[in-house]
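The same chain A turns up in both complexes below, where it pairs with chain B and then with chain C.
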Partner chain A sequence: MDYSAAPGLTGAIPAVKTGVKRKLNVTELFTVKSLRVLKPYMFLLPALLILGFWLYKPLINTFYYSFTKWTMLPGTKPEPVGFANYLKLFGSKDFGTAVKNTGFYIVMLLPFSVVIPLILANVTNSMKGRMKNVYRALFFFPMIMAGVSTATIFRWLLNPGTGLVNILLNKTGIIDGSISFFTQEETAKWAILLITGWKMIGFSTVIFSAALTGTDKSYYEAASLDGSRKVRKFFDFTVPLISPTILFMVMMSILFASQWTFAYIDILTNGGPYGTSTNIYYEMYKYGFSSMNVGMSSAAANLFLAVFGVIAAVLTTVSKKLAFYDN
Partner chain B sequence: MSGNIGVHNVVKDFGAAKVLKDISLDIEEGSFTILLGPSGCGKSTLLRIIAGLETPDAGFVTVDGEDITDYEPKDRHIAMVFQNYALYPHMTAFRNVEYGLKIRKIEKSERRRMVNEVLEQVELADQAHKLPAQMSGGQRQRVALARAIVKRPKAFLMDEPLSNLDAKLRTQMRFELIDMYKKLNTTFLYVTHDQVEAMSMGTYIVIMNQGVIMQQGTPREIYEDPRNLFVAQFIGSPPANIIEHENGYIGIRPENITLSDTPDGEFCLPARVHSAEQLGGETIYHLNTSAGKINVKISGCWEQENSEPYAVFNLDKTFLFDSKGNRIPDNDRVLRAVLRGLDGGERLAAFSFQSAG
Partner chain C sequence: MKKLIVLLLAAALMFTVFAGCGGNTASSGGATPPSKAPDKIPANDSPATALDPNNPVTITFYSYSLSYPTMRPGMEHLINNFNETTGKEKGVFVKAIEDDTMGKYQTDIAAGEQVNVIQHAFSVLDMSKENLGLQAYEDIFPSGELSEHISHMYENAVELGKIDGKTYALAFTFSTPILYINGALFEAAGLDPNEPPETWDEVAAYAKRIYESTGKPGFALSPQNGWTTEGLFFSNGANILNSDRTEAMFASPEGIEAMEMWQELYHSGAHALGSDSEVSEQFMSGNAGMLIQSTSMLSGIKAGAEAGGWKLYGAEMPAFGDKPAVPVNSGSALAVRSSSELENLAIWEFIKYVTGPEGYTIITSEIGYLPLNKDIVSDPQYLKPFVDENPIIATNLRQLERLRPVTIWPAENALELRQIFADAITKAITTGNDAGEVLTEAQEQMNALLK
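Entry: the complex of A and B
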């Protein structure tokens, strides 16, 4: 990149601005004019290059690879196969389960990322004194833990033989025997969901608490005089007043549910048993880096992009209509 | 419907700060009572205690003799207009006014009739479907009033409702509030730090300072007969001149002093004009006298001024205060003695002057 043009650039412009009487010749005029036009793009260039290299180039590559067959092995080259990858994807039983589970995680994560945090934030917001911050810190704690550590801790807790949860369930007589949470079909995806949710609660609670702190107390006082009670105030004032934040969290939760569950699926269940806890994101990763099937992985990635692109667009439109901004 | 509000021995502390120190007050039914005082004097806290938004640490509040201290705000039959109006920002003017009725489960058609009637009353019928953010300050103020009126309360509490408006609009709203008060025929309790609002609107004024009531009475009583130095210095524009002497203070209102080229009148002080504020209809002179600075307010403007006039006033227009600042009965003998000292200059050393600032 040639940055040496920049000083000359700044030097050239005042000459035109101050209206120097001498007529510029054609070459001079051309240089000055084109430099002026180019100037903003040169400021943008570093950002555009980084974006292009790390984002748009891989995006285009992924699109291309989805129509090829390739194993990434040294010496091999992508072979064009047309729509074969997509057709195989739609025909695969695992992919169907993955899509269903993705939906499950998205919907079932919403209570953890929106509903429970909203209640917690509201309850702690009306607290007085230091306890408010102590509680908020406790809620936030899971968020700062590394995903792998969280997974390890839960593997201990939910261990079928020595795990605290199984011991307690047995001692209290709720179950007889033990549950192997991560290897039983009925429990695996619920375990993944609860762990992901547990980690998300704190983050959303802090975000909602911040939004609540910014709301004007006098609305609530006026509402008290109008006779509105706690629950009613929550729905009539709290929800609309922090609606931009709520919609933001809903959108985050929907779009990132697959990514947030990824680490736990990979570490705790590997998507099993029999693919019952996998999701589309994990399948994509497996195609690419376990089966070394770049074509399938890229096809899944493209579908993922298309579907979530549509969801994001819809959510943005909806939140524009529903969100209320109190200035 | 109109109610009498009683405040009985109310105490309120915020941590170490004693905000209200044993306040007792009777707000007469149908009066336009003003709680007046500098910021931080506890007037807003008292209003919020009456509204039920704060709980007193001791004492109780009554409406028509009924103890309402433990009642929810909504059960007190009181409406409040907030300083920032506290209009629900996501609701239209109509829905703002309607909200309280909806909570009270008043039937929809009746609700609609009541809201429209009140909006008409505040001349906002055409703005009913606008959000607060789309309205001007004056219109928002009216919505806040409408929201209070529609409840048909026994009393209206207003917390500096005009302080967010510009000077011209404030004057206009002052008249509208007086009109509204006359039409509604209900008790108004109005908090302000602006003595002009207090004097022009109130039928009864309660002056507070540092959590205690300094004086209460009609605007005329407050102006003509201040019970202490604080009131004398708080009311009046500019406030009363205060002259400190060995045994206390003397107060003289700037408008009760005239300027003369010759030493005449009941009492006069030789003075030198320091500066003059020409206000159009009247002039405020800042004089240096043998006792210090004195403000004099005279009607008329831009008149040829004598730079060394005499400040002339009558003894019956002066107030006498003891050394603690409490008013003592006017005593001509004491006044004469003190003022002669000022005039003659022999006892001048004993005087100092306190600016009324």
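Entry: the complex of A and C
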């Protein structure tokens, strides 16, 4: 778009500068000239107000509530309690496990959100005609299914008595007896991870496929002429060419792993057995909404924000260094 | 001029943003009222102090039973029946709101919505009385009618809703855990479903026999059942907390003995594994011989039995040796909030109906909760035909006499305490750890919080 065609906009920018240098008196404020000074801000105002009201005000409130004790009920007021919420949070039985599990889910989700989709996208990309889209649609299918339905179906599949998985494992003689996937410490976390991962594969595959479509084919043609092998082409061209997308998915996966696992933890294990499959998001929800303890919930939210803020900052820097833009 | 328009537009936009935030939305969201409700609740502030059928008063009823598929049809039927009969006659319309989190009433009160009648759990009643402006029945309802109505109900049930001598909630839906039995599996194992096991030793022996002859687990009780476990402690003479709720004491020799028994049964191979919903699903699909579960699940379990073509039997909760079994109760009471004389009258009509003969006939026969009205069980006009046909209800009523309410956790750390207890039970039963050590450790953690 050619912005020079909008005279009001281009004219406003120098006016801001002069406005800063020279103070306006009251009468001047209402002159048409001074409106020009305010104009860019007027354009920004709606967005700023919406952002301020829905994002920054709650953020500041959360910070404040984390130092109070409050149940959100009418007629009650937050009472200040200092750092008590933070101390209680660090001392609570499941907090340590929740932090460890958050790490577990982040690391273990990466194969599902990056490695497997990258392979799938690459394989389908070299397919011809309609099959390409059929496969991609199949991979994407889990993503459009509602989380709650997915959880219910997996609960049936993995039911210790009547579930298909247990029946198959028994028939093939792999196990004797049954596995209660969601109530055993050894399996609960993994079951949550696999279900979340299964759902994520499709999304990432579609993102990577889109990135692959945009790559320049001439590199591959040149390499083929030189007799380069497929694996070599994948690592030498594909990975660098779509590196911005890969880094984006890595960042998404790290930052959202806790949210993506949340629904399944809530429906399938409630964080159990004995708190071994919980993550920090679920703990936050438990404090905030099961016990209406706004203080504890806000304290957990603030910690979460601080830690993930740092992670996001580090990842953005890393991604600027590693990403390769082909243009 | 153009600039002025821009300025005005910006101002208008700003105004809409704030107006949008402050505006009170009339809809209560999520819930679909069982019958057609007026779009907006009319303000009940008319000066009249008598109900008028031509100008009905709308009150709201927050019910968690509406969010359970097994209970929803019965509860909807109850509310619709009221609206179509007594409600229409007297001039009261009840708008039903599904409270799937059992906390929607709190958030709606916080948001300033009209919340009149709440299906409320006993364990947090004291907290709601303090924070939510619940009113005592004695303060807002006609005293003569109130005492007459209550005299027809089971006294020990009504007592549970009293705080400082006043009724802050009236017992509504009550259930006890009972032992459900799959007749077909019993017979397949050469057992007689009319001779159910009475002690835990028998339960273990029967379960083993069912497992050996059918390959299906003989007994099911999820360690994550939420409340039934307490009945096992009580039945073996143990307590969860001391009487003034300042000390946890479940890791007593009796408590540990009860859990060791269960742990052994759980690992015997004859016990169904899984969460509460998983083991219930197994039983309902005919894949477990016995299940301990709330009577409120009766309608769902019966449907499962009919679909699977097997006969359902029920028995009282098993005992430890010759000590009497002590089942716990779970259930709800009706708490009320009213803002006018007229609402008082409207709410009272609804309460009288749902806790009266018509109400309990529907509640018992269509949902499975206990009839808390004493007279209707033997009355052929109401429940007698149903009780004759479903002896499980009689089982349930016999248990009512020995009932003990579930532990009410001290408000300050209620969630943490409940969680530590529940986690300790799961760990003690499902793992090979020493049950005594697990329980003692949890008891120490809880006592540190209770100090």
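The rule is simple: the second predicted complex is superposed on the first by the 294 of 327 C-alpha atoms of A that agree within 3 Å, B and C clash if a C-alpha of one lies under 4 Å from a C-alpha of the other, contacts with A are read in each partner's own complex, and residues count from 1 in each chain.
The rule we apply is simple: contacts are C-beta pairs under 8 Å (C-beta built on N, C-alpha and C of every residue); 3 or more make two chains touch, one makes a residue touch a chain.
In this text the structure is predicted, and so the values were computed from the model without any measurement.
Placing chain B and chain C on a common chain A by superposition gives a fit, with no clash between them. When both complexes are overlaid on chain A, the residue A:Asn133 reaches neither chain B nor chain C. When the shared chain is aligned, chain B comes close enough to touch A:Asp216, but chain C does not. When the two structures are aligned on the shared chain, A:Leu225 is found in touch with chain B, with no touch to chain C.
When the two structures are aligned on the shared chain, A:Gly177 is found in touch with chain C, with no touch to chain B.
Touched residues of chain A were counted for both chain B and chain C, and C has more of them. When both complexes are overlaid on chain A, the residue A:Phe324 reaches chain B alone and has no touch with chain C.
By the touch criterion stated above, A:Gln259 is placed in contact with neither chain B nor chain C. Of all Cα pairs spanning chain B and chain C in the superposition, the closest are 44 Å apart.
Judged by the document's definition of touching, no chain A residue lies at the interface with chain B and also at the interface with chain C.
Chain contact summary for the complex, chain B toward chain A: residues 51-53, 72-74, 78-80, 82, 84, 86-90, 99-100, 103-104, 133, 147.
Chain A meets chain B in the complex at residues 216, 218-219, 221-228, 232, 236-237, 240-241, 324, 326-327. On the chain C side of its complex with chain A, the touching residues are 3, 6-7, 10, 13-14, 17-18, 21, 101, 103, 106-107, 109-110, 112, 131-133, 216-217, 222-224, 269, 272-275, 277-279, 281-282, 285, 287-288, 414-416, 419-420, 423-424, 426-427, 430-431, 445.
Interface residues of chain A facing chain C in the complex, by the touch rule stated above, are 32, 35-36, 39, 42-43, 45-46, 49-50, 53, 71-76, 92-94, 155-156, 159-162, 177-180, 182-185, 269-270, 272-275, 286-287, 289-293.
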